[in-house]
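Below: one structure, written as structure tokens.
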Amino acid sequence: MAHRFVYNDHVHFHETDMAGIMHFANFFRLMERAEHAFFRSLGLSVVDRPEHAPAEERVGWPRVSATCDYLAPLKFEDEVEVELLVEEVRSRSVRYLFRIRKKDGKLAAEGRIAAVCVRKNAAGDGMIAVEIPQRIRLKIEAAPPELLLRPASA
Amino acid sequence: MAHRFVYNDHVHFHETDMAGIMHFANFFRLMERAEHAFFRSLGLSVVDRPEHAPAEERVGWPRVSATCDYLAPLKFEDEVEVELLVEEVRSRSVRYLFRIRKKDGKLAAEGRIAAVCVRKNAAGDGMIAVEIPQRIRLKIEAAPPELLLRPASA
Amino acid sequence: MAHRFVYNDHVHFHETDMAGIMHFANFFRLMERAEHAFFRSLGLSVVDRPEHAPAEERVGWPRVSATCDYLAPLKFEDEVEVELLVEEVRSRSVRYLFRIRKKDGKLAAEGRIAAVCVRKNAAGDGMIAVEIPQRIRLKIEAAPPELLLRPASA
Amino acid sequence: MAHRFVYNDHVHFHETDMAGIMHFANFFRLMERAEHAFFRSLGLSVVDRPEHAPAEERVGWPRVSATCDYLAPLKFEDEVEVELLVEEVRSRSVRYLFRIRKKDGKLAAEGRIAAVCVRKNAAGDGMIAVEIPQRIRLKIEAAPPELLLRPASA
């Protein structure tokens, strides 16, 4: 079972704004890219496809909440390491903690995304929260508390 | 029948990049916003919904090509007027010409989007080109040639 | 002095994702558009220009934190009303509360952005937090507490 | 001297739209990411920094034109190979040709970006086209014509 994943990327030109730094909304896209790479690392996809599950068992992960604390700006071509930690797993939802660090280890941002596991409703026009399928649940666990504390030296 | 539409907007902060100007890819989003407003002005939507047509008659408009010539940079909060002209209507496709002007009338960009009218295929896993439905076709016509020539003073 | 502003917009096609709803990161862009329209409504701009202040007095507003709770999905062409409330004004920072409502009044999301007032440092290679200039500070005040409580019926 | 570069990436969730495919404007961002990776592969950066050149010799690359032909849709997590070819090098500008292929070799899109080499003007409030500096010019050459022809089997 996995509770931690590291995703490497860099800041793209189209993620910067006229202040010369990565636009604050793009940190959420970066966190999501890390989340999706985490799923792939487990042989899963955040979007269930036929090879993952039959149509009636496919689930999606809309967001319940998202937060980010900005600690240092990121600039074009800055290499970043995104550490994903599973902060909490509940029967129908997962919350991730993300730490975005620059190459020198400096913490640039810390964020969270809470996502709920949903399936299409019978009418097909909406979604309902459902229990996380075992094929996914058995691969994800909450990280040990000591990993979740923000390091004092960050 | 309509062949011209004017859409007003301004440059948003999140559309700028570290060069201090609107990122070149965002001009295509701006042109698309004008296209979709044009459809709304005709009582249509680029995404057919139940009130527009029954499910089996709904169409979509994926892009065949898109181009843009950049003539002057746009900056944050610059007010822009996007002139949409229907350049060509074929049985299964439409090509739009867009002229993006600054408040002083200066032409900042000229672009084109060609879109094909499609319907979901029988298997539901792809799309096929179809004739533009009459409910749409009867509302759109090609602009007169003199409107399509780029003004010499631009 | 102002503490509340209402910004109207709708969901653009390029803000949706393959789940058919507005991508969660785009709610932050929508909140920012409301914030910047609030500044314009006060005769200000979030980006100081020569007509607002001499170069050495210009300030910027990088983000300290951003959060969003997602309560109902938004779809293409959904009309939205973004209510901005000034939640807190400190000497060097401002925190905004945003309520994004659908046309029927239903609360789709509630978010917050905290921004710090900065000026370029002497070396010109970084930014330092400074007191909010009087020309801005005199126009913004915290909203009354009763406006900040999330309505029970939301 | 280099005239060809291959950049690998995949389609991110936030690049899709409600039609379930990569939004057409995002193909331009993908092409740009390939262009910037090409510069890095040559020890350059599309944004000159102190280690590349003194301030007065730094150049930028605003776009003159951009085009894209869309041949097959791209879906979430589709792996793509972007082939960059230098189509033309002039004294003050470069035009790139991009071929975006799916994992099976199928051509999904073909696009072009023409960029002009600029330096800040004396007043510092605008940009002027300048000759491509030798430190860059000596590393880039036009691709042989046979590479630029679109393969018949695409």
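A, B, C and D label the chains in the order they appear, each numbered from 1.
The definition used in the following text is that a residue touches a chain if its C-beta (ideal position, glycine included) is under 8 Å from a C-beta of that chain, and two chains touch if they have at least 3 such contacts.
Worth saying up front: this structure is predicted, and the values here are computed from it rather than measured.
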Chain pair with more C-beta contacts, B-C versus B-D: B-D
Most widely separated chain from subunit B, with each centre as the mean of CA atoms: A
Approximate Å spacing (C-alpha centroids) for the pair subunit B, subunit D: 24
Separation of subunit B from subunit C, taking each centre as the mean of its C-alpha atoms, in whole Å: 29
Of all residues in subunit B, the ones touching two or more other chains: 13-14, 18-19, 21, 25, 29, 32, 47, 76
Subunit B-touching residues of subunit A, taken from the complex the two chains share: 13-14, 16-21, 23, 25, 75-76
Complex interface listing, subunit A residues touching subunit C: 18-19, 21, 24-26, 28-29, 32, 47, 60, 62-70, 73, 113
Residue numbers on subunit B that touch subunit C, as the complex places them: 12-14, 29, 32-33, 36, 40, 45-47, 76-77
